[in-house]
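The same chain A turns up in both complexes below, where it pairs with chain B and then with chain C.
== the complex of A and B ==
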């Protein structure tokens, strides 16, 4: 029951924020490159999902799992994308991501006049709150 | 409900087998008056709804027929131009049929080869060492389960999100593949599978899987 890392992208694919907690393997490239690869992969998966879906998709991609980790995806209607990598046994991550968007992102980034839209988030308050939120969730999940 | 389709992708990423099991048909036919409250867009040689979604007609649906005459590309079957016809107020009321676009074989091959790099990147971006590629991909309308054999062939099944036991089903499909495709003297590796026995056996397997799954869900 662990949370590995989080990526937040805006609607144009800019990496707004990255944080890792228990990451055991680095991808062997710079953070910028990794973010581009991640965004590109998700962009392709999204188009893949909308084409292959037998019914009309609404939210589209929810998550994918490999044998070692699960990637959970949440996109707000404004195109802000939250990507959370966890253990494969973790459940109900969607609610968690929604809560994270509502209680942390909107409160401490959108309502913060210092934070410029489309720029990486540097607010220390947001970083602390996010860290707190994830650590608290990790305790609940255990 | 149930299973929607099976795909087999070769080691090099080409689609070698595809079977649509029960893909739902989503179509609606309605009478429209002038002016049309839908915005249509010509994309990939199809007329797509780009704005003006309502209950049964969704963004992304394509125009299939006007007054019962099928539309292909932007042309009607009788040679008239569909967009000109829709723009002309004297033609109304018109009976338009919209539906979710059906995947062409080319699109399926394209999607199968698209899955290949996604599978590889997913394992590269893993936060944990020695991760495999994507095993299950969940969306709100379907679930994709992928099984890669040791020889690199990928078996994929697309099913309803509530469907269980897909891993066992894929192992069984692999078994059928080894029995009926690989042991067929007329089958060459990496080439599309055209074996009648494989088709019939796969179909009965899928029917069985669908039935047992419905039973399991009813018991719950």
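== the complex of A and C ==
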């Protein structure tokens, strides 16, 4: 299993954090632009999904797949969005993202009073923990 | 960690930021209000914890009590290391200090760190004061989340 990269957005679409591990092809634009594009696309897909759904969607958008990669989407009740790109063989990413939100984001961002909400995350502790967490998951799921 | 602990952490963080922003007119951060807050909390808290305990005689015994029972009561853990020169100077070291362990595990935010330990240094001073030991407590932070509290006992003349 390979994890390519992660985006964390807040409720208003600010890119809080971006990190990549095994990303071979770059998009050829700046990170800010790419993040805007990503957020815009997700925003559109989300509204599309909720409009087109034949039933009342409980969870809404969960993931999409191409033949090369899969994008997993998790949104907390407060609107924090976690986007994880992996290869297509990966399963149970939802639990992983939930755990990431609960154990890493809440612990080291929300409880860190030096981190201002709505601002990009600069805490090194958070970055280390996230990196550790992802690398550990990669090992387990191999 | 239970909900009450989180509540205490958050309230503490808010008090710190409130106190610091109030004094931000001056260049130096004035943390004396925060220290005083800790002082009165410690003073009252020790009254409550010790109501069923036998009397301690020695200074060292009291300091040990602070490191074990008192610390577990407030921070749910004991002080990791207590050192003394037997001349009224004690160093209490907590390697996993609760108000710092979400902040950093290195030297990031080192400048902001002392304000998170001020309440606790007041807490120690207030507790000792109520035991009849006048002291000065200072804080030393080199590498988070480890935190050292230096207690200088004032010799009564």
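In the analysis below, the second predicted complex is superposed on the first by the 142 of 142 C-alpha atoms of A that agree within 3 Å, B and C clash if a C-alpha of one lies under 4 Å from a C-alpha of the other, contacts with A are read in each partner's own complex, and residues count from 1 in each chain.
Assume a residue touches a chain if its C-beta (ideal position, glycine included) is under 8 Å from a C-beta of that chain, and two chains touch if they have at least 3 such contacts.
Predicted, not measured: the structure shown is a model, and the values here were computed from it.
Shared-chain residue A:51: touches chain B; no touch with chain C.
Touch criterion not met for A:132: it reaches neither chain B nor chain C.
Of the two partner chains placed around the shared chain by superposition, neither chain B nor chain C is touched by A:99. Residue contacts after overlaying the shared chain place A:108 against chain C, while chain B stays out of touching range.
Touch counts on chain A: comparing chain C and chain B, the chain ahead is B. In the superposed model, A:123 makes contact with chain C only, not with chain B. Listed in rising order, the residues of chain C touching chain A in the complex are 6, 9-10, 13, 16-17, 102-106, 108-109, 112.
Of all residues in chain A, those touching chain C in their complex are 107-108, 111-114, 123-125, 128. Only residues 4-5, 23-24, 26, 58, 60-61, 100, 103, 107, 111, 114-115, 117-118, 121-142, 144, 158 of chain B touch chain A when the two sit together in their complex. Those residues of chain A that touch chain B in the shared complex are 4-5, 20, 22-25, 27, 34, 37-38, 40-41, 44-45, 48-69, 71, 85.
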